[in-house]
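Report on the structure given below.
A, B, C and D are the chain letters, set down in written order, and residue numbers restart from 1 in every chain.
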Amino acid sequence: MLEKLLRLTRKARGDRTLEPLLESCRLLISERGQANVYALAVRVIEGYRQVSAARREAFFAALATEFSPDPEAVLNAATQYAQAPTAQHLAVLTQAVESPRQELIRRINRAPGGTSMLLAMRVDLLGLRKGNPELAAVDADFLHLLTSWFNPGFLRLERVDWQSSAALLEKIIHHEAVHEISGWNDLRRRLQPDRRCYAFFHPQLRDEPLIFVEVALVDEMADAVAPLIESTPDAPDANGAKTAVFYSISNCQPGLRGVSLGNFLIKKVAAQLKTELPQLKTFCTLSPIPGFVRWLDKASTEETGEWAGPLQRVAAWRQRHPVLAEENITHMPKPLRQDLISLGARFLVKQSHEALGDPVARFHLDNGARLERINFAADLSKKGLKQALGLMVNYQYDLSEVELRHQEFVNQKVSHSTAVRRLLKPQA
Amino acid sequence: MLEKLLRLTRKARGDRTLEPLLESCRLLISERGQANVYALAVRVIEGYRQVSAARREAFFAALATEFSPDPEAVLNAATQYAQAPTAQHLAVLTQAVESPRQELIRRINRAPGGTSMLLAMRVDLLGLRKGNPELAAVDADFLHLLTSWFNPGFLRLERVDWQSSAALLEKIIHHEAVHEISGWNDLRRRLQPDRRCYAFFHPQLRDEPLIFVEVALVDEMADAVAPLIESTPDAPDANGAKTAVFYSISNCQPGLRGVSLGNFLIKKVAAQLKTELPQLKTFCTLSPIPGFVRWLDKASTEETGEWAGPLQRVAAWRQRHPVLAEENITHMPKPLRQDLISLGARFLVKQSHEALGDPVARFHLDNGARLERINFAADLSKKGLKQALGLMVNYQYDLSEVELRHQEFVNQKVSHSTAVRRLLKPQA
Amino acid sequence: MLEKLLRLTRKARGDRTLEPLLESCRLLISERGQANVYALAVRVIEGYRQVSAARREAFFAALATEFSPDPEAVLNAATQYAQAPTAQHLAVLTQAVESPRQELIRRINRAPGGTSMLLAMRVDLLGLRKGNPELAAVDADFLHLLTSWFNPGFLRLERVDWQSSAALLEKIIHHEAVHEISGWNDLRRRLQPDRRCYAFFHPQLRDEPLIFVEVALVDEMADAVAPLIESTPDAPDANGAKTAVFYSISNCQPGLRGVSLGNFLIKKVAAQLKTELPQLKTFCTLSPIPGFVRWLDKASTEETGEWAGPLQRVAAWRQRHPVLAEENITHMPKPLRQDLISLGARFLVKQSHEALGDPVARFHLDNGARLERINFAADLSKKGLKQALGLMVNYQYDLSEVELRHQEFVNQKVSHSTAVRRLLKPQA
Amino acid sequence: MLEKLLRLTRKARGDRTLEPLLESCRLLISERGQANVYALAVRVIEGYRQVSAARREAFFAALATEFSPDPEAVLNAATQYAQAPTAQHLAVLTQAVESPRQELIRRINRAPGGTSMLLAMRVDLLGLRKGNPELAAVDADFLHLLTSWFNPGFLRLERVDWQSSAALLEKIIHHEAVHEISGWNDLRRRLQPDRRCYAFFHPQLRDEPLIFVEVALVDEMADAVAPLIESTPDAPDANGAKTAVFYSISNCQPGLRGVSLGNFLIKKVAAQLKTELPQLKTFCTLSPIPGFVRWLDKASTEETGEWAGPLQRVAAWRQRHPVLAEENITHMPKPLRQDLISLGARFLVKQSHEALGDPVARFHLDNGARLERINFAADLSKKGLKQALGLMVNYQYDLSEVELRHQEFVNQKVSHSTAVRRLLKPQA
């Protein structure tokens, strides 16, 4: 693998576009560049803009080889530190281990538009990583610094509503990843007084939302998504609501993949809503189960034991309905419904720690939420039918318990309600 | 030295205030704390607030020992990386070397008021470092993260003027470090149309200036400070000015010591002034020479060769005037003036790279400025007389040459004008 | 007529809803009400909200009778003033003539929401005036005060663009009166860099545009509207444009009818564009001729003389095409086109001072614009075909000549270009 | 008197500066000027700027004669209206009576800076009125329009605090009319958490406060001013306060004399404080009695009856202390104190309706406040001693009763507390 990197690096050094760019990078982090960071960073940014997609891998490969820490220097410093862990030795060690790439990234960040450019570079890099795992080291430096810079303490939480600019709302429409927004009228419903939308912004990226969450303020824990997003002539205000349902959370910046913002966003919004509307008693989600059908497919052929019955019954029904439509679900016989819900519970409680488990479940359980209820026929959109046969889940957030529940989840336990526990005994 | 740390650490662990605080710190960076960062960070902040000054050293000592990287793990990772410098090994190495303190600092930063608290903690830490050099490792982690967070790309440059809030202006009065501001009327002069003041702000510290610079917009390169700050009945507007004189630059946040902002501030302000007032031709400073008299004292007794004459003549004059007053300088005989100016040039050109050289000279020369002119009787304040017998310097910034000049300075050369060169031949 | 007023006033005084409202009005302007204006004004506003549509005429009738100046007092004061026009007598006269309604309106205006309510009341009043001309006196008071309060010196000119709030943009879509905006995508075209939209706002009506104008920044004076509003994949920026075409101007507040804002808006926007884009040479409109077909209908039957020929030819063609479609116009034979354009010129030059002339022409000519060019097949929308057989006009604004041209218009002359003059000789 | 006006008018018409200005005024309100209001208004404003102080009277005289309504036209219109009070006749009458000056003022107001200029013109005019009472008619037009434009519904209430701009705070220091602010430190005390300052602003005069009020939030109704304005090391927050004491109210715009804003300001601030701090129970003032000593002087020589005793005793004491110092008051014998307080009550309760009564009392009583308490040795400043021998008053505002109390005051009654009533029986 390293050979590939070295080959690409040689290619970069012989390239008419890349070599000047690398030279600018070297100058930017050199002693001499020190006094001229701003101008040199602008030069790197403009240089990168002119690199064609086909050449980018070579550029990042050069970053991976030439701009990495020197192994020999690292070993010397580590040996000294092991002999005497003094402040002095630690300082030398830290400096030896930090790759010059990090300083490069930090200095690019100082130019106007630097932060945006780094996000764009990382999107390119993420695309290349699949074919070239050794680029992981470069990506690790990007991720390390982006995590530090986009830490929630520096982000601004803002409510998005009908007073927001069209430019921002357009981005919300574009990035909604869970329940598609089909246009401005559809959006308007989600911004009425009994709905909320909050986004995180970074001071350096003025009008670019980083992540946003949509909340419905309702009486009871919602058991289906359609009533939450269907347009309604007159929306009530939020003053009577007892429950805040987080029904959608979407990332807007692919360049921030791996920078965890959702956890903090949910908790900050919950805290803010609680302050504004003290009568709110329950904070929960209405979440999809994107991994459910994938698991069913696998489990149906593998599983024996007490769950074999339900699995086979559901599999048989699915074979009878190869192309699912809304009515197939709504007309499903009652015992089969029960099988389906039980299997949902089984999947989420037992499989959430596995690599092939449900990513949404893992996200909320790891945040310290509790698996509260499985809802039948809750998402009858095409996507909802295909991924989860219409099932959805409520995860419940109790801010005073998230710490404990997260710890349980780390210890391989999934917190769940009594109602869910009852489902874990399958029908014969 | 390490023994002292370990003794203090034991003390901390047995302390009724410190042990709970350390326990909060451990929890905050633990797996379990993950889901509750916000609340735990608040707990650490409040805990630290209650630590008396006398106990702080023990707390930071515990950070230095318990929250440092594990030497054995570091050595293993370094050895592996030395054998095969793969992305995988680099990732393991990086993680092994990063002290858990850094994650602690990052998580404290997420709480509201976290950034302010970290700056306050660092002020405490800087105070303790003198008596306990091993705390340098803890300080290095603070400095590393603060440098990353307070990078100029994230800072907001703002003009400070009479439209600014009284709360902000009061801080400007308080922090002016070069030429004292004696009150609101004195301040007003510095904010009139032919004067400018610019400050950097961080998004997380709304109304706290980090550093500010004061600029006089005048016809010619100023040769004395009094005319720049004396109140005047009717200040002209800035449209006729040809020269921008940076006559004062002051840091406001002692917790940011070592985070270099001044270099970037001067260049950004120069660029902005150039855009706003294209007729400006010269950007220079009018700077003190705080190290001059200290050097004179030393050199007078040590120096032989061609500079011995001027040194002795000045020393003799100084003995005749043990307590300096303004008139002593203004009545100084002409040949002696010449000696003094020449010695100033000699000092700045030859000594600026030495540890005991002039810090202000080092700052501007390292930024890529040129030593342009030495001014006699330029600062007749008490401080100016005492530090430099009234001498001041103009450093000149030419944005198109800062890179080269900085490089020269790194290579032990001091860029200077022809006029200064002429001074380097002392009178017999 | 006055009898009707008196009858309605009696009805109001006997009414369970109206009498308390009138009583609040009396109290509000009474001596006693003085100290409680705020609360009493709120009471009047809430009282009026509960008056059903059917009862409003009686309410306004009561305002017309009970809240009018006392004829006898007026006559006394006028007689005194005629005998000796002193300041003292003028003061008495002025007070005698001002109807108590004005003070009522002024005091209603002090309550929060007062201005909005007055605009709503005026909309009601304008609806009632048609059936009851004596209400004109009440309306005159509204108009007098609204004109004073909404004088352009107090209005804020703001650019409307994609950064504006969705709430505002929605109102722009709704109120566009000239060339319908069919939705958000349609609107976006009108806010791209080579288009502009500006609106006037009143400080008391935060997010309510009063009137707005849409401008296209193009190379040459536009001769058709479709290219100005059709969506285009990539709009150029405005830096190359030489001509600003005002292609739409719409009022948003029916309660401000008669308060002239358009004149000032056009001139202020022209001045602002000139400052921002100094390369702009020509400021003109592309305007409809809403009165053209109405005049054709009339003139065809009445006119003799040299214009009889063209009139009859056009009339014959129209009879052949009773329902007009786009292609009828685009396929019109050339001589007939010439007839049509000439008739357009004839109509606008000769009829613009008449009551049945064209209101748009009157607006621009009275503003001091010049009739510059008649455009064939310029507006092929249904409305454009129906009102003006597709014709549109360019009125040209030269800010240095508006005063003279307005004066000419007042003196019954219509300023027009040489090209238009040539059209005034009809073909045989 | 009219002759003087006519003579001045003739002078104006023959003047090289004034005649062109008058000509601009004529053009501005002419038919022709209609299309060019903006440019012509700018011309009038610039013209007036060049009129020397000595020529202004002639200018205003010309406005008083040439720009007044035509007496004959007025009489005709009034006669017609008296014969038939129709809407039509009222319209003609209204137009005939409105002086062309009003339209002139309205049009000047449309130019940028127009409002400021009108306020400056009015200050000039007020200065001239004393020597030329016939200018009252011109002033009446200014006052009429300014009252309409500066009606409280259009004003913005803003809190002034340490976050306000230095430019604004400087104006507060400058305009404080009741208890002088001696500098920035003195000001700071008045902006601490347990003090408030609120000002009215007009949208057209961005940073110009119109009027401001200072409030102390304290436990009990204050009986002396010094504790309210003396600097204090640590001011408490306002959460425990039960009483809001309005201790100073100052106008900032002499050009708005006669436009009543104070009444509305006090009530709006009281309402806002009540919302923000619901625990506030009492809203009162601590007010000077500027007319007290003036009345004493007069009453001592005139009054017989039961009040002659106290009057003579106080007069005798004053003769013994021709130059008053603080200690004279604080050492005053108890019976004499009682005399003094009683006389204060007597003066305020019985004399407040008279022309020579106390203007501050009239202001608050007319606003609907109640005379609550007379405080001995409450204002020991030079001014306080001279005007009122140190006495101050609390007027109490109860928003639910202001209407009734105002009505009582109009009916020649002064609302007062039981405590004050008891004072109205003098000691023998």
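Quick note on the criterion: a residue touches a chain if its C-beta (ideal position, glycine included) is under 8 Å from a C-beta of that chain, and two chains touch if they have at least 3 such contacts.
For reference, the UniProt names are A, B, C, D = Decarboxylase.
Note that the structure is predicted; figures quoted are calculated from it, not measured.
Distance between Cα centroids is largest for the pairing of chain A (Decarboxylase) with D. If each chain is reduced to the centroid of its CA atoms, chain B (Decarboxylase) and chain D (Decarboxylase) end up 53 Å from each other.
Chain A (Decarboxylase) and chain D (Decarboxylase) have Cα centroids lying 62 Å from one another. For chain A (Decarboxylase), the set of residues that touch two or more other chains is empty. Interfaces, counted as pairs of touching chains, are A-B, A-C, B-D, C-D. Interface residues of chain B (Decarboxylase), counted against chain D (Decarboxylase) in their complex, comprise 162-167, 169-170, 183-184, 188, 207. Note for the complex: chain B (Decarboxylase) touches chain A (Decarboxylase) at residues 1-2, 31-40, 64, 68-69, 71-72, 74-75, 77-79, 81-82, 84-88, 90-91, 93-94, 97, 99, 106, 109-112, 114-115, 133-137, 140, 144-145, 148-149, 151-154, 156, 203-204, 263-264, 267-268, 366-368, 402-403, 405-407, 410.
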